[in-house]
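Note that subunit A is present in both complexes that follow, paired respectively with subunit B and with subunit C.
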Partner chain A sequence: MSPVARHGAVALGALVVAVALALTLAPRASDAVALVVVAAVAAAAGLVGSLPTVRTEHPALARAMLTVILVDAVVFATAFLSVPTDFNLATGAGMAIVLLGLSFLTGASGQISIGNGAFMGVGAFATAIWANHHATTPIVVTLLISVVVGALFGLLLGLPATRLRGPYLAGMTLAFAVAFPAILSSFSSWTGGDSGLQLPNTATAPHWLVGLFHAGTPTLTTDTLWLTDIVMVATGVAFFLMANLFASRTGRAMRLVRDNDVAAELVGVPLPRTRVIAFVISAAYAALGGALWTLLNNSVSPATYGFALSITILAVIVIGGIGTISGAIIGGVVYAYSTNVIAWFVAHTGLNPQGNLASQLNGIIFGALLIVTMMFSPMGIAGTYRHLRARRAHARERE
Partner chain B sequence: MIGVDRLTVTFGAVRALREVTLRAETGQITAVLGANGAGKTTLLRTISGLVTPRSGTVSLDERVLTRLKPEEIARLGVGHVPEGRGVIAEFTVEENLRLGAIVAKVPLEEGLAQQYEAFPVLGQRRKQHAAKLSGGERQMLAMARALIARPSVLLLDEPSLGLAPLVTAQLMATVAELCATSDLTVVLVEQNASSALRIAHHAVVLNVGSVVADASAAEVAADERLRQYYLGMVE
Partner chain C sequence: MDGFLTSRVVTDILGGLTNGAIYGLVALSLVLVWRATRVLNFAQGAMPMFATYLGMGLLSYSWPYWVCVGVSLVAAFAIGAVTERVLVRPLYGKPEINPIVVMVGYLIILEAFAAAIWSTTPRSLPAPFSPIDWRLGGQPVGLSPFSLFEVVTALAVMGAIVVLFRYTRLGLQLRASALAPEVSRLLGVRVGRMLTLGWMLSTAVGAVTAILVASNFFTGLTPQLMDGIFAFGFIAAAVGGLDSPVGAVTSGIALGVVLQFVGDYLNSNAIILVALAILIVSLMVRPNGLLTRSAARRV
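Then we have the complex of A and B:
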């Protein structure tokens, strides 16, 4: 059987199973139709993406198809999950975008930023401020504006980055993270001061989506579902672009700058410009994550974007695995579910922490997890997996 | 042609190069010899713009390179293979070669094919990580990476460092062949004077930052005084 035929058979089989599942699970005919469409999209993308010629000759197309499958599958799943679960997943996805930007900055170009929580806040407030002045702007445009604003802030702080290295650059971004809440409160006529901003109107699901899914409380469920899916699609686009960047000329140039800046200069890579670009991209990704959080919460509060968030971002990316794409996803999931897992742990072990301990338990366990990661798997979960796989491959080669 | 005119480089109070003047002719191998600390590496680093001279000029054909940025000089066709090679161990051979063509807008597939033809061992190991290469293979990879950008000048910094005599001889033969089959200008910095003199057309001897000899390779090789005092070639 030729590879094409084999992939075709696998895709067809998956489609049949998905259709059967849809028909048994979906309570109404229109739901079933929607699910069949979703399954068909995934199957078609899977088929195209797995063609041998596509895989070797057009890696970008293969990555695009993989993105379509993953986003499609997540969107499919969110239709069946509860509202809080959807909300949690979308929050984690927004965080994953921020982590990807930071991971790229550190893993690909070797710079460090402690200020990404503040860049996230830039995007979050840009979305809220814009929406309050121009309520009719489509969501996509608002998101793009927020990303651009984030990138401009990144440029502003990234220019000195061409002269600063290691601890000094970290110190500068740290200063931005610390100063950010103060900046917000001194522009309170724009940012709403301590109380933050509400969005003027909720992003409502389009009629066809409301018509398709009628589980639970109709409006709330479909609106949260709609927002979740917007976040998931944005996440898919962000990851797709970054995967291409990692594999591109620019991505390779950045890794060369990280590993050996002299060699980079000798092959003609301009160091300052490369470093600034990496910094700007990382800030833009952080801003996108923050903008999505604002959409998701329908409001923004300065308390969210304090210094602690920047530290949490660093902790989560280290646990997930720095410099890898999967590490950012793992980090996002860890962020979204750490509170739930800790609550479950407390409920099931019979521990009943009181007072101060109870309120700080989250931070304590997070800190302990970070220390354990640094001690036993400094490359994070994704890095350790990769290392184990490489070792297995090496062992096979020797046999 | 690379022209160096009265080049002086200082690091704090230390003079690494004092009024160094030399010419590396097109299509020839010019060996720069001398002991540790003679200023050989500094000379190459100044030519490629990594070090800014205190005074004096470097020119490529008629164009003055002094004060251009390293990446600009690289784009003008000066390929520099640094000491220690600058190969990225975690990249495959092919990924390393692609790095050489990051900025130079050259047809990549054609360039890869050319380098695999010039260095067959790289073709056999194209998918392997550079970490698995031997020292000689790494040096070839570093050279191929510089050559893929089609430079008119190749600066080689101690290519024989850490290599066995037989591997060094093979490497030198490759350099000689490269130069013979193209118009490449090669500046070869070496501590290993005898193997460099075997392939070089011209030789310059540096001592503590100053030129002490500038003559044809044959003349330098025949000069008993130079051999004994500066090149450490005692029979």
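Then we have the complex of A and C:
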């Protein structure tokens, strides 16, 4: 039996099981159709991605298929979750994109930015401003425009980064984060001043999606679902591109710059350009995350993008695992659920929820985790997990 | 003559000198830590803020003003020493982003604890001298007894630091530990102790700054008191050169004057934008600062 046939048989079997389950378990015909579509997509992607030739010779295609499966599964799951859960997950996914950009900057160039909350704000406001002037632009185009604007801001700030070492760049990005509210109010005729901006029209779910999951009635639920799915697809694309970049020649060059910049220069890596590119990419990713947040909330407020957000971003990516891809996902989940977890903690310890301590618990916990992580396990949760697994594998080999 | 002294330009220069003295002090405290331990201390605003709460909080128990100032300084020395021993010492020789991240975490924790203990409501500190401008022929001159006190205090602190470093045995040991720790150790200098002392000095300079800033009628003492000031102080230190105390102070004062003109002739939002532009341009021209003599790193 050839590998193609074997994998094909496995995929077909999985598909049949999924369809059978769908037909017996799903309450409505439309749900069954949705399940079948989802299972078919996953099975096809799984088949292509698991082929030996694809896995060895076309790693990018294999990663693409893995992305398709994950996004497919997440999009499917969101249809059955509550609106607040969807919203929470989408917020976390938007954050995960921002974290990925920062993780890349540090993992690839050894630099750090304390201003990514402000770059996020650039994307968020770019989306709102554009949508208010050109209400008919497709969402994809608006997102791309916001990413470009974010990248341009990144270039402007990144230019000195060609010659800067870590602390200077960190300080400069901090100054940018502190200055960002002043930038917004300087252009208040565009940015709406303190009250921010509303989007001119809400994104409404297309008919096929509504028909598939909710029996033809467009509601707040389907609109949230639609937005969540847009965010999830965008997150998938962002992670796919980054995974390729990490593995590419450019990614290797960047890691060399991080580990030993003198050696990198000797083997012909253009240092200034590499540093600026890393910085611009991280700014563009932050802008995409901010743009998605604007879509999700249907509005943007300058209060969201203050100095505190920039610090929070740094905290969650360090906890998740800076320099890794999975760390960005872990950080996104941590961000999405930290508020709930802390509220639960406050409720169960009998702290006064309106008290000073309860309102500052967020900062105390994040600050402590940040310090403890950096002191004892600088690679965060993702890096620690990887380290433990490597050690176990090593121990097994020696037996 | 009266007309000249109350003119817009002179008023701006005097007001700018007052702000610039504050920026210069923050820059100086950053430089003290950077020279000693090669750490850019992002908690440089938060640590003195905490010390100021500890000391000046005693005003509510009707302790005398100058005693509270003294307690703040002692608290700052203690915080600086403990921070260096516990948080910073394990990080020497680690990648340069590690201390940055730890100090940002420390900043978050200190501000959160201060807000949890003392709330975020601004607490007004009494100014030891009148904050109302002197008048000449009915016109304010842009200088009050309190702002004169700010400038004099700043100059005195800077002068004391210079004297300490240039003319005392202790200052020589401090400089030697920063420049050549191994050689200094061989010659019997207690290098670890000197590094701790660098952090203590820096936090104390910060506490003086924080008290001056918080005594301003319009701000009062808040947990986030130093966030904005820190940004200006960092810009001053980076422009002047993190290695140069004199450069940091000079560029802090110059920055204060320039920004006062920007705020007066443009608008208040433009202040931080111009400061950011100055930072970007100066880092592109001279990454190691405009006022240092140290050789540039090529890569």
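Couple of notes before you dig in:
FYI, the second predicted complex is superposed on the first by the 365 of 399 C-alpha atoms of A that agree within 3 Å, B and C clash if a C-alpha of one lies under 4 Å from a C-alpha of the other, contacts with A are read in each partner's own complex, and residues count from 1 in each chain.
Convention: a residue touches a chain if its C-beta (ideal position, glycine included) is under 8 Å from a C-beta of that chain, and two chains touch if they have at least 3 such contacts.
What you are looking at is a predicted structure, and each value in this text was computed from that prediction instead of being measured.
Of the two partner chains, subunit C is the only one touched by A:Ile311; subunit B is not.
Of the two partner chains, subunit C is the only one that A:Ile114 touches; subunit B does not reach it. Look at A:Val267: by the touch rule set out above, it reaches subunit B but stays clear of subunit C. Of the two partner chains placed by superposition, only subunit B is touched by A:Leu256; subunit C is not. Annotation for subunit A, partner touching more residues between subunit B and subunit C: C. When both complexes are overlaid on chain A, the residue A:Gln360 reaches subunit C alone and has no touch with subunit B. Shared contact residues on subunit A (touching subunit B in one structure, subunit C in the other): 262, 265, 271. On the subunit C side of its complex with subunit A, the touching residues are 34, 39-40, 42, 87, 90-91, 94-98, 100-102, 104-113, 115-117, 119, 227-228, 230-231, 234-235, 238, 242, 267, 269-273, 275-276, 279-280, 283-284, 287, 297, 299.
Contact residues on subunit A toward subunit B in their complex (touch as defined above): 249, 252-253, 255-256, 259-260, 262-263, 265-271. Across the interface of their complex, subunit C is touched by residues 106, 110-112, 114, 156-157, 159-160, 163-168, 170-172, 174-176, 178-179, 182-183, 185-186, 261-262, 265, 271, 307, 311, 314-315, 318, 356-357, 359-364, 366-371, 374-375, 378 of subunit A. For subunit B in complex with subunit A, the residues that touch the partner chain are 48-50, 69-72, 74-75, 79-80, 82, 86, 88, 90-91, 95, 98-100, 102-104, 145-146, 149.
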